[in-house]
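One chain, subunit A, appears in both complexes that follow, with subunit B as partner in the first and subunit C in the second.
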Partner chain A sequence: MLEIITSPISFFILLSLFFVGGIGSLFFLKNDKYANGWGSFFAIAGSLWGLIFSITAILTKSSLLFDLKTSVFSLFTLSFHIDLLSSFFVFVVSLIVLFCSIYGVGYIKHYYKKYNIGALGFFYNIFIASVILVVTSSNALFFLIFWEIMAVTSYFLIVYEKNDQDNVKAGFLYLVMTYIGTAFIILAFLLLFKYIGSFDFLVIKENIALVPAFIKNIIFVSAFIGFGLKAGIIPLHIWLPAAHPAAPSYVSAILSGVMIKTGIYMMVRLFLDILSPAPYWWGLVILVVGSISSLLGVLYALTEHDIKRLLAYHSIENIGIILLGLGSALTFYSLNLPALALLGLGAALFHTLNHAIFKALLFLSAGSVISQVHTRNMEEYGGLIKYMPQTAFFFLIGSIAISALPPFNGFFSEWLTYQALFQGINQMQFVTQWIFILAAGSLVFTGGLALACFVKAFAATFLARPRSEEVKHAKESPFSMRLGMGALALLTLLFGVFSGYVISLINTVSQSLSIFKNSASAVNISSNQSMTVSDGFSSISGMFIFLLLVVATFLVIFVFKKVINKTQKECKTNTWDCGTDLTPRAEITATGFSRSIILIFKGLLKPTIQNNIEYYDDQNRYLPKSRTITLSISNIYNTYFYQPIHIVINKLSVKAKTIQNGNIDLYITYIFVALMLALLVIL
Partner chain B sequence: MNLLTLQFLSEIVLLSVVFLLIMKKNVSAVYTYALQSLVVVIILLNSFFETKDLWMLLVILVMLIVKVIVAPKFFISLIKKYALSFSVSTYLNTPITLIVIAVLIFIAHSQKFVPLTSIVSDHQMLLSLALSSMFLSLFLIVNRKGALSQIIGILSFENSIVMFAVFAELEQSASLQLGIIFNIFIWIMIASIFISMLYKHFGTLNVSSMKKLKD
Partner chain C sequence: MSIFIWIIQLFFVPALSPLCIGIIRKIKAKLQNRQGANIFQPYRDIWKLLHKDEVISNDASWVFRFTPYIVFAVTLVVGFSIPIFFPRIAGFVTSDILFVVYTLAIGTFFMALAGVDTGSAFGGFGSSREMTISALAEGGFIFSLLTMALIAGSSNLFDIASFSQSIGGQYFLPVLLAFGGFFIVLLAETARFPFDNPATHLELTMVHEAMILEFSGKRLALMEWAAANKLLIFMVLGANLFFPFGFGTDVGLASISLSIFYFLIKIFLFCGAIAVLESTIAKFRFFRLPDLLFISFIFNVVAIGLIYSIK
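Right, the complex of A and B next:
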């Protein structure tokens, strides 16, 4: 039975469920209800099948290798290699898609009679199928085809709410950036083909020694830019905060939780598997980029008052944290420290999984709020906990998890990342040691700032008083939306409490890579599921922390209820308001909350503050009527990176335009001259 | 047919291209093209007498009909319809055109192109002449401003390629050749339609007046 589940047929059933879901949705273009039902049903069925398929593959440690040969060209052999690493990513994709699709059943109803539900079902299902194909394909050519399908379908999902011009612009930016990334990826694959003569990943891996070291470095840089762009590393991230918020919220959850991880998957696949052995400096570059991305990502998140943009910036931060694990793994492996490399890779993979879960949860909660309040601006929220208590609870759990507080999952993967960095500080020499120290320092800052950011996000959204009329009309989300969020909230807890068991499975996945064959990880899992790093350097137990917190909570409640409150009389009265009416204007805003932190980092963030004062009497400026402070962050990437590139390309384009002057004879002359030159060169 | 005769025929083809480059009247250009095609047909006929392949004869007959009779007829009717008795000017004047012709013929006969012209060692001179015709035909397309002259340039280029292929013994199967001729036939018809449309739109067939096309 297990063999059938992990067979090629089972894999094709998985894909066909999404294709049937996608194509079938198009038949219900005129019936929103049926289109929603059909598309969501097959997405849920497909993701459930994906979960069964991937879990079985990981537990039975089975690897699947098969191809569909085309009769004409051997180069175009569609081959799949679903090893444990691929299965792990199929698991991550399926898990998130399952709950997002359940959530989507309720969410999509907001689009009835406004947008085409059949088209949404089509692009959504094909997008999911393409993500699965990306992480399972073993041929560079077909990988690129699936990569493009993923890019195009996600583009249509981003511009789905096409009546909003900002979404269309965001989609265009995404499309342009993704094609720049693809160009770099193609360059990397073509260089590999030049020296190896094959697009098959397994053949490339076996013959990687044929590639000169210098070319390998070029391939690394190209691939890192190409896949880093998809992952959203700084400074290639500009599309991400624009595109992710534009999509429907449950799609945003998948874009942020899953799609950007395909970049991480390919980095692991290429740098640790196909291109190994890797030079020493590759890992250090990844560590530096990871540190910058995590720190700047969270700082930019702090400056945001658009709830979905805030979450999108946190994706950049978390990608940075994942890169810290990956970078340390690569550095350790190149220094022949496989046990520590396994620790770093385990941290990266665990955070990949955890981030997918809590980020999806946060996007779904944000989506529920947006669907009720009809704005993404947090300054217009406030007091939603009274109207949407369950959503508030789920958002709080997501916030705790992303802030890396125990006993939720985010804490444990960040703890492992810290351990990998500490081991680097412990084992490395001067320059490398300092890079590890700075990476650990950046992670410390990131953790603290993330907590501050989510205090802001939760408080500004759910606490205090409503700051707009829309909030007062908000209602709790439908059952399917709450089910999707609730399941993910539960998973953040379970993956934290049982982190020892999850890490032991991730170790199995990591050890399946050929470079780690017969290597033991520096993380040991004891029988009580506690994790110990490097024979007692440090240890932790998710279960113990959970039990401790439960006991502490009950103890505190008991002490308050039975000891302290026993002697005190409970009295309910109004809050003291200095003799004035308490209004939302008295509340601290999201912008106000983050202002002090922004000013600390003003050297990096370059904030601009604009004060506007309106007086009762313009001639006699003693009595101000209102004061407005606008705090904004200048886009330094646009100013110092993209604008100069844009100017240079523009100038070159204007010069190049003279070649195309509309004269047919001149065009034929080009052909003639090119032909003559080609003949003279060849002969 | 001996080599000398073949060389003579090749020289007629080359001279016909030179004539196409310097003549002014469109009607003369069409007749020159018909003559050039007839010479190519004769060269192919020589190939038939050597191989005795009946399919080849069919190819030659179709070629004769399409290139020597139908295509010129099409062009003559176009010239009459739009009163295109004189072709539009060239980019280079006649003396410079003659210099370029000399340079191109020199390049085709140069040592650099020996690997190409010595595919069949006995036919080196013939192949050099065919290559010269190809270069001059391309130059004809480039140098002429009139759309009709350019179309004739393309067809002349095609004739030169056929001649080169015959001398290089690169003849393909009869079915492929028939396909190519059929393509050319269709192409001539489409080109004629386009010429009519361009004339109606721009009132001239001078391609330098069609710059707005790029916008």
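Right, the complex of A and C next:
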């Protein structure tokens, strides 16, 4: 029975479910309701099957390897290699897609009559199938094809609300950036092909010794740029905060929770599996990039008042945290410390899973708010906890989890990442040690700032009094949306409480990589679910923490409510208003909340203030007609990274103009010369 | 025996914390040439507040109502997890440094939310300031504990406290630097001078008091009591990790009573230090506080660097 589930046929059933769902929805272009039903049903069925498939594969430790040979070109062999690492990512994809699709059933309803539901179902299903194909394919050429299908389908999902010009612009930026990334990835694979003569990952891996060290470094750099761009590392992230908010919210959840993780998957696959052994400095580069991404990601998140852009910046932050785990794993591995490398990789994979869960939860609950209030601007929210209590509760859970507060899942993966960094500080020397110290420092400040940012996000959205009329008409979302959010909220708790068990499974996944054969992890899981790192340097138990917090809370509530204070009354009146009328203007706004932090980091964030006053009479400047204050942030990566590139490209294009004079004869000569040169090179 | 220790661990911090507040206030009063209230006055205040009726804002949601319980429960859990005067006993898996830091952050998180919840201008700004300070204080907090953990070779607070007793003289400088960093964090996290003024409700610059402005009755009592607990937790950490003289090595009666004796003296000294500090310096301008907090972080980075140049 179990063999059937992990067989190639079962894998094709998984893919065909999504394809049937995708193609089928196209037939229902005319009928919104059926299109929604068909598309969502097959997405749910497919992801359920994906869950069963991947869980069985991980539990039975079975890996799947098969080819579909095409007779004409042996180069174009469609081969799949679903080892435990792939299964793990299939699991993450399926888990998030399952709940997002359930949520989607209700969410899509507000697109009825406005947009084409059939097309949404088509692109959604094909997109998910392509994500699954990306993490399972084992041939660079087909990998690139699936990678492109993923890019194109996600582009169409991003510009789905096409009536909004900003979304189309964001989609264009995404497309451009994604192709730059793909160019680097193609470069990396072509270099590998040049020295090994195969596109098959397994063949490349066996013959990796044929690649000179220098070329390997070039491959590392271009692969890191290419996949890092998809993952959203700073400064290659500019598409992410524009594109993720533009998509429908449940798609944003998948983009942020799952799609950017394909970049992480390929980094693990390439740097720890295919290209290993890795030189020492790769890990350090990843650590530095991870520190910068996490710290800058959270700082930019603080400056946002668009709720989905805020969450998108937090994805960048969390990708940084994942890279801290991955970077330390690479460093430890190249120094021949496999136990610690397993600790770092485990932290990275666990955080990948956890981030997918709580980020999906946050995007879904943000989507639930947006579908009622019809704006992404947090300044127009406020007081929603009274109108949408369940959504508020789910968003609160997500906020607690992403801020790494115990006993939710975010705490445990960040705890493991900390342990990897602490061990780095403890065991490394000189420059490496200092890089680890600074990485730990950036993680510490990231944690603190993320907490501040989510206090801001939750408070500005749900607490105090409504700041716009729209809020007062908000109602709780339909059942399917609440079900999707509720299940994810429960998962954040379960993956925290049973973190010991999850980590032991993740250890099996990372030990299945051939470089970690026969090495034990530095994390030990005892029978009572407690994790111990590095022979007792630290230990923690999710279960015990959960019980202790619950018992303490109930004890306090019981004692103070039932024992000491039984007869006292609670009377309700207005908030103290200092003698003025209570209006929403008295409340703190999202911008105001983070203003002091922005000012403290003004060296990095470069906040700007513009004052404009219009007078009734320009000659007589006593009576101002209106005042506007524009607060904004000037992005340092724009000033110091993109603008110089922009200027250089512009100058080069101006230079290129001189050979482009509009004369057809001249162009034909160019073509002729180019042809001759090409022939010369080949012959 | 061990269940007895567990119970003492759980209730020790809330039982003693109002007394510390009373002592600090008494010393401050003496320094200001006042008589000052009895050192047991905070207990009476809490008891009085617990039996008063409550006024709750119309705008407040369940977050506001629930916050005092969770804030107090968090200090109970942390008080339970830190070394007071018993050595480590089996079954303690919550004494990890990161657990203590992040669990205290749960309290901060909910308190900041409750500050915004009533929709008053004071509460919102209090929350904003509190989150700014605590975000920046986290660096110094985790790193000062980390410095001690790296010296002791364990991130369990009990192990650090027991190990610190036998620390060699070569670690004098790193420990001193780490303590300097920790003391800054102590003042920041417990809302004392120069970060915040615990004695006033009506100042535009207040932080902690602004957040709890709308609380009354038993919820106010809980918030005040939890703040006192937090202060004692920080003093206990400071006393037992950085100055672990006489910290109990076994559960014998003589060892424990010596441990308790030293412990009380150390806590009294901490109270005195805070009171003297508060009487001699003024509150800083808000935008000078980050400098102080970054200094605390830098102290610890230097301390960690020093450890490895010694080793």
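As a convention for this text, the second predicted complex is superposed on the first by the 640 of 683 C-alpha atoms of A that agree within 3 Å, B and C clash if a C-alpha of one lies under 4 Å from a C-alpha of the other, contacts with A are read in each partner's own complex, and residues count from 1 in each chain.
As a working rule, a contact is a pair of C-beta atoms (placed from the backbone, for glycine too) under 8 Å apart; a residue touches a chain by one contact, two chains touch by 3 or more.
Since the model is a prediction, treat every value here as computed from it, not as a measurement.
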| item | value |
| --- | --- |
| Which superposed partner A:G662 touches (first subunit B, second subunit C, both, neither) | first |
| Partner touching more residues of subunit A, whether subunit B or subunit C | C |
| First (subunit B), second (subunit C), both or neither touched by A:L549 | second |
| First, second, both or neither for A:R465, with subunit B first and subunit C second | second |
| First (subunit B), second (subunit C), both or neither touched by A:L683 | first |
| Partner chain in contact with A:F672 - subunit B first, subunit C second, else both or neither | first |
| Residues of subunit A that touch subunit C when the two form their complex | 383, 385-386, 392, 396, 400, 403-406, 411, 415, 418, 422, 425-426, 429, 433-434, 437, 440-441, 444-445, 447-449, 451-452, 454-456, 458-460, 462-465, 530, 536-541, 544-545, 548-549, 552-553, 555-557, 560, 564-565, 568-578, 582, 584, 586-588, 592-597, 599-600 |
| Subunit C - residues contacting subunit A, complex | 50-59, 61-63, 69-70, 72-74, 76-77, 80, 93-94, 96-99, 102-103, 105-106, 108-109, 112-113, 116-121, 123-125, 127-129, 131-132, 134-139, 142-143, 146, 149-150, 153-156, 213-214, 217-218, 222, 286-287, 290, 297, 301, 304-305, 308 |
| Complex interface listing, subunit A residues touching subunit B | 660-665, 668-669, 671-672, 675-676, 679-680, 683 |
| Complex contacts: residues of subunit B adjacent to subunit A | 91, 107, 112-116, 135, 138-139, 141-145, 150, 207-208, 210-215 |
